[in-house]
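Chain lettering (A, B, C and D) follows the sequence in which the chains are written, and residue indices restart at 1 in each chain.
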Amino acid sequence: MDEPFEITMTQRQDPTTLDPHNHRETPTDNVVLHSYEGILWRGPEGEIIESLATEWEVVEDNRHRFTIRDDVQFHDGSSLEPSDCAFTIQRIVDPEAGGLESPQRDQLAGTTGAEVVDGERAIDMLSGGPNPMAFQNIASYAHVVSEDWISERDNEEIAVEMNGTGPYRLADYEPEEYVRLEKFEDYWGEEPDVDRVEIIAAAEDSTRVSQLLAGETDIISAVPPNDAGRIESEDGMSIADIGSTRILMCPMVYNEEPFDSVEFRQAMNYAIDLDQMIDEILRGFGVPTGQPTLPGYNGHNSDLEPYPYDPDEAESLVEQSGYAGAELELEYPAGRYLLNDELAQAAAGFIDDLENVSCEAVSRDFGTLAGELLDGDLSTTPSFYNIGWGNTTFDASQTLTPFLTEGTAIYHYRSDEMEQLKEQWQVETNADEREQILQEANQLAHDEAVWVFLNREWLVYGINGRIDWDPRQDEYFLAQGMNQA
Amino acid sequence: MSDDVILRVSDLSTRFFTTDGQINAVESLSLEIEEGEVFGIVGESGSGKSVTARSLIRLIESPGRITSGTIEYRDADLADDLREDHPGAVDGEFVDLLAIPEKIHRGLRGTSFSMIFQDPESSFNPSLTVGEQIAEAVEVQRRASSNPRSTRARTRSSEYSLRSYAAAAVLPSRGYVSSESKDRAIELLQQVGIPDPEQRVDEYPHEYSGGMLQRAMVAQALAGEPDVLVADEPTTALDVTIQAQVLDILRDLQEETGMTILLITHNLGVIARMCDRVGVMYAGEIVERGSLGDIFDRPTHPYTQGLLGSIPDLDAAGGRLQPIGGNVPSLLDAEMGDRCYFADRCPKAMEECLEKPAEYPAEGTDDHAAQCYLADHPYEASQALPEDYFEESEPP
Amino acid sequence: MNWQRVWRSLRAEFGRSPMAKLGVVLILAVFLMAIFAPFLATTNPKAQDLSRANEPPVGFTDTTEDTRLVDGERQTVTVTTRGTLEYPLGTNQLGQDMYSRLLYGARTSLLVGLLGTAIAALAGVSVGIVAGYYGGRVDDGLMRFADVMLAFPALVLAIALIGLLGPQPVDIPDPFVAAGLVSDMPETTVLPVTVTLVVALVNWVWFARVARGEALSVREKNYVKASRSLGASDWRLMLKHVLPNSLTPILVLATVQVAVIILLESALSFLGFSGTTLSWGFDISQGRDLLATSWWISTMPGLAIVVTVIGINLVGDWLRDALDPDIEGESGGGMG
Amino acid sequence: MRLTRFLLRRTAQGILVVWGVITLVFLLRFITPGSTIDFVAPLDASPELRQRLAEDLGLNKPIYVQYADYIVNLLQLDMGNSLLKGRPASDVIFARLPATLELAIAATIVAILFSIPLGVISATRRHQPVDYGATGFSLIGISTPNFWLGIMLILIVGVNLGWLPTSRRIIGFGPALELLVFEGRTIGIQVWFEHILLPSITLGTYFTALITRLTRNGMLEELGQSYVEVTRAKGLPETLVKYKHVLRNTMIPIITVLGLQMGTLIGGAVITESVFNWPGLGTLIIDAINSRDWPLIQGSLIVIGVGFVVINIVVDALYMYFNPQVTFE
């Protein structure tokens, strides 16, 4: 191969920083994970696989050990030491350690720090008590940085430079315009096929599709299903798709009229024809859900079916609830998820079709809506809203805890039963026992109809035929997984 | 006399086509102007004087149009130049100005003909200096005379690219006007008696007084050293003392350069002071013409008599016309009958006046003539129309 | 002010100008559409039929490559859809009737346009007259404040305020539905209150400037001075002399402002800052991602805006030509 | 002399206006519901974390202290750190500014290049087909929402015909020029031009239409003035009459309107940037508002306010240049 293989990728948003620990957005991950690697990593199906650590084990309930590779170099030429891995964890959980108030701290919830194991190329991750989520979290978060490199720089420099161990090093970065990456010649792992990558962003769906069709870019994320046909039918272009880790739902605040009635909440679920929404709006790119947890996740309850479409049942449940004639507003964040505007409007439309309820979809900008949801004050939370939630730990608790148990910033539901279950899943380390508890919680969420359950969001990519790539569930699209076709 | 004639107008009609109807502003007008004389046209407001002036230099704009007639201008060189390309326009030494293309005609403006307008305040572009505007007029002449033999060269609108127009719009001092022209503008200002011309030349019109502006206007009109100067109410807007000054300047310049002046005014005092020959205008027609003496001492047309009768003292500068009874006639075609237009105001109107009168020679010099039946016939009171004749027949 | 004379010159200009006639016809049509939307609409504009989504307007045939995921397999088929009379202007991605949505969208545009202009005029004229009439420090203070307002681009200020305050929609009951004359149509029309207030807030300055100018000149008129020396109160003078004299230019300005505000409202809806889902700008933004496949969803409401605003501008030209006030700034304010 | 004195006074006034803008922008933050903290704190932050963040950002001080701090910092050109980008707000804003300026200037050039000749031709050939065409175009131009126009241009020129790229900026004018000057490669300018063409047409159309209208009406009015007849009587070439004399006077009202309409241009830029994915101040402001990034919102609005004031001073100076009768009291 004489010609260098160069590709351009377009995603929805630009990275907000290049600091792997100072953000919480997938678009930023999609850039920094070219250069920074985790201690562990995930396979395409979400399974935990080795990365910078080759072995991992539970030493004690509150001590998890990782054995670190010895053949790894950072882009600046220094070699990876276990202390770098320990520093990475410290930097996230301890504001004093890395000079950073990391927004990812709660992603390592329970973790109190990390230390190098004397005399071994290994580190111990420490937690206050039993930590059933330790390996799941490390497989998803904590991307390793060089302690020396970080210590020599202030946070503003770290935000615009990168020095990781990954297969690509930063070549050129113009904030909010592009990131250019080139192959790191001394990468420890398998040499990637792609020599140079440019990552750009376009918030508009149509813009990304146009860019792909015009040959201005090689791979785009979040293709609206309407345009999938145009791409598929274009010579040398194709679609790749996979179910994501995100679900869409419409939470209802449990103590506000009329949603304080379980019957009413159930009625909302019976009212919508979810299958038709998925078929017609999403063109099948989606799967109906009936519980907060996706199949394949810890705690998924396979006995639960999505609520069927039954408007008559819905109307009679509304009558039973005593809230006939209710007027609802469904507030949705405009353009935040794949066709969520249309989905929310359609859901509102179906509810509005009931004889005894009227409903209107109201578009909100995500920032304002998120502010109302996240202030921890239930009274400012809209009583009925649409939101999406990604769970990259493949564990039900990461969805159940924030939404359905009291005291988190975003909760909208509480019941004594759920609170009891939460106490258990937070500490239970026996995997089977924990699975039971989580399944029970999912059953409860389904029966209580805490949300109007919508679909699992689908990842739809448009790809130029010169690239061969299988998409990942976790929304990452990284050049190291792409091959020249 | 025809040897001395410089401008020969025959059968000139100018009409305006408005939404209210056709207006006959100038109607079959004929006159001859001799080289070096001051010819005056006098008449009330609305009699078509100004339109006549504009017609002579072809400055009639839509919806107006010169509908018939010829304006012949004597210029042997011009005639030679045009004989080949526009044979129809040339007659001996005379060139019919209405038969040559606008482009060639434009080349004559400023250099062969020039005009002084009545309202100095609105006749200058407010956003350019007075000097700049006079210098433009000089420049027109300068460019024309740089190649005096060829009318085509002198009438071509110079090598002026779009770029320089744009530059001219933005940067007024660049482009068209040369510094020689500017110097000449200062001289001209001095000539018309503007004090401190070196400084004044760079001032804007709003910094000038009305009288000074009118002098500047004279300077501008003279900048191209025209053969014929048309002065349309040159002093109307000024107060009496300044009127006199401006008229003196005009008279002096005329004597100095020997140019021909066509002076248009409603002020008989001005006429008396300036003119050699006079035409009296009424409703778009010259109703009487003759030497100054003919008109003032031997007026024939009842209208002229009315005009003169209303002036207590002709020698008093600024003596104004007193209104004659009745209304100035409408020039709307639909309301103009085929008769003497003055008949409805004429104290001596007779049945003959209901037909269009011919031009009759009158007592006095050779070219004293009047468009009135009475010029050649005695007045007979028995044929007079009843006093209320026109009131009845006028449409309500 | 002499209303008879105003009326006469309006009529004369109207007779002369075919463009004025066209403008009045367009405006009347849009008004009738908006008012009688419940009768003219063939379908409830909010009623969805997902199985009839993205149908082209009648007379058009749409052929698309449709890729669907069926049991985990992607299948691509060529789908040909023919427009039907049932949905004369086609349907959107929810299978809603574009024609009916167009009619109801006119309501939002006109409601916001007229109400916003009325508020802006009321506020602007009051401030302007007070400033012009009293002059001096009052004038300086108010006009510097107006300068500050002008230094914010209208659209940016509007986006900021709406983003920060939320849409605050208010439901206005539809009288025809309430009276039972039509059924199966929306019972209310949504007025996006924040948008209305914000467009008024960003446009009052133009009215203030015009009213101030008029007040300044009227103040110096002799009859006003005379009335004042006779002891007439300031308020009385402002209401009796200054206000009526300012009406003509304000009327012309208001016409133009309605157009400006309609454009501004549609721009805000387009950016998702409105608060109603029945608006032309909203439909354009919804159709934007479907441009390549379903061009009519964005095109139809876009044309509706263009036609309406042309109509208003023509009427504005007519008023201006007939009444000939000297309005500073031609169209005043701005669209986005 | 006149100009210098005038500029000094206008600058003083401008500073006052900018101060007003700053104050208003600052107050805006306090009248709006929702706390900044909600946007800074992670999705599931604990109350303690939120409290600490508030302290870090100085959000718990009294308002007048915050105001004083803000002014003092601004005087040192410190607009605070962008919450969203984690960099100084001024860096973010000034990095975006060239894109917006390029777009605005390109649109203005498009507008002036087309509108003034069009207006002049239209006025001088009144009631001829070209006049009807120009009048029709300008009517449609001022009535078309530019977001819709942009979409239609993308659809037709970008997608259907494939002549021009549909979005993005790729390269700034500065770097493109460097490429040309130092390396002699025209590709930079070419790419820059291809990308800016549709956005600048979209943004410029309203102005083109507006100025065409103003030019035509102004020319018609001016052509009726007596001095025009005088210039013709002088024998000046017709083009000189129109461009030097008449157009110059027509410019006076046009300039006034342009100054007042600058806000529209900036507002239009917001929309155009959003449609064409143009990385300028407009898209930045929308992002900043959506994420309640106050330092960024305030900074952008202040920069725009200052720009507006500066442009208007320039416009006033131009106005004075074109209209010698003006004396600014």
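What we mean here is this: contacts are C-beta pairs under 8 Å (C-beta built on N, C-alpha and C of every residue); 3 or more make two chains touch, one makes a residue touch a chain.
Not measured: the values here are computed from a predicted model.
Once chain D is excluded, the chains joined through touch sort into A, C | B. When chain centres are taken as C-alpha averages, the shortest distance to the whole-protein C-alpha average belongs to D.
Compared with chain D, the chain whose C-alpha mean position is the greatest distance off is B.
Mean C-alpha positions place chain A and chain B at a centre distance of 89 Å. Between the Cα centres of chain A and chain D there is a gap of 39 Å. Between chain B and chain D the centroid-to-centroid distance comes to 52 Å (mean Cα coordinates, whole Å).
Centre-to-centre spacing of chain B and chain C amounts to 55 Å, using the average Cα coordinate of each chain. Within chain B, contacts with two or more other chains are made by no residue at all. Residues of chain A in contact with two or more other chains: 204, 206, 210, 365, 367-368. Contacts with at least two other chains are made by residues 163-164, 166, 288, 291-292 of chain C.
Those chain pairs judged to touch are A-C, A-D, B-D, C-D.
Interface of chain C with chain D (complex): residues 144-145, 147-148, 150-156, 159-161, 163-166, 259, 263, 266-267, 270-271, 281, 284, 288, 291-292, 295, 298-299, 302, 305-306, 309-310, 313-314, 328-336. Put simply, chain B touches chain D in their complex at residues 54, 57, 59, 106-111, 113-115, 117, 119, 122-129, 133, 136-137, 140, 157-158, 160, 162, 165-166, 168-169, 172, 175-176, 204, 206, 217, 220, 223-224. Interface residues of chain A facing chain C in the complex, by the touch rule stated above, are 204-206, 209-210, 224-233, 239, 241, 273, 276-277, 279-281, 283-285, 334-335, 341-342, 345-346, 349-350, 352-353, 358, 360-365, 367-368, 458.
Residue ranges of chain D in contact with chain C, taken from their complex: 13, 16-18, 20-21, 24, 28, 32-34, 139-140, 142-148, 151-152, 154-155, 159, 206, 210, 213-214, 256-257, 260-268, 270-271, 274, 282, 285-286, 289-290, 297, 301, 304-305, 308-309.
For chain A in complex with chain D, the residues that touch the partner chain are 16-17, 19, 22, 24, 101, 103-106, 155-156, 159-160, 175-177, 200, 202-204, 206-207, 210-211, 213-214, 216, 365-368, 370-372, 374-376, 402, 408-410.
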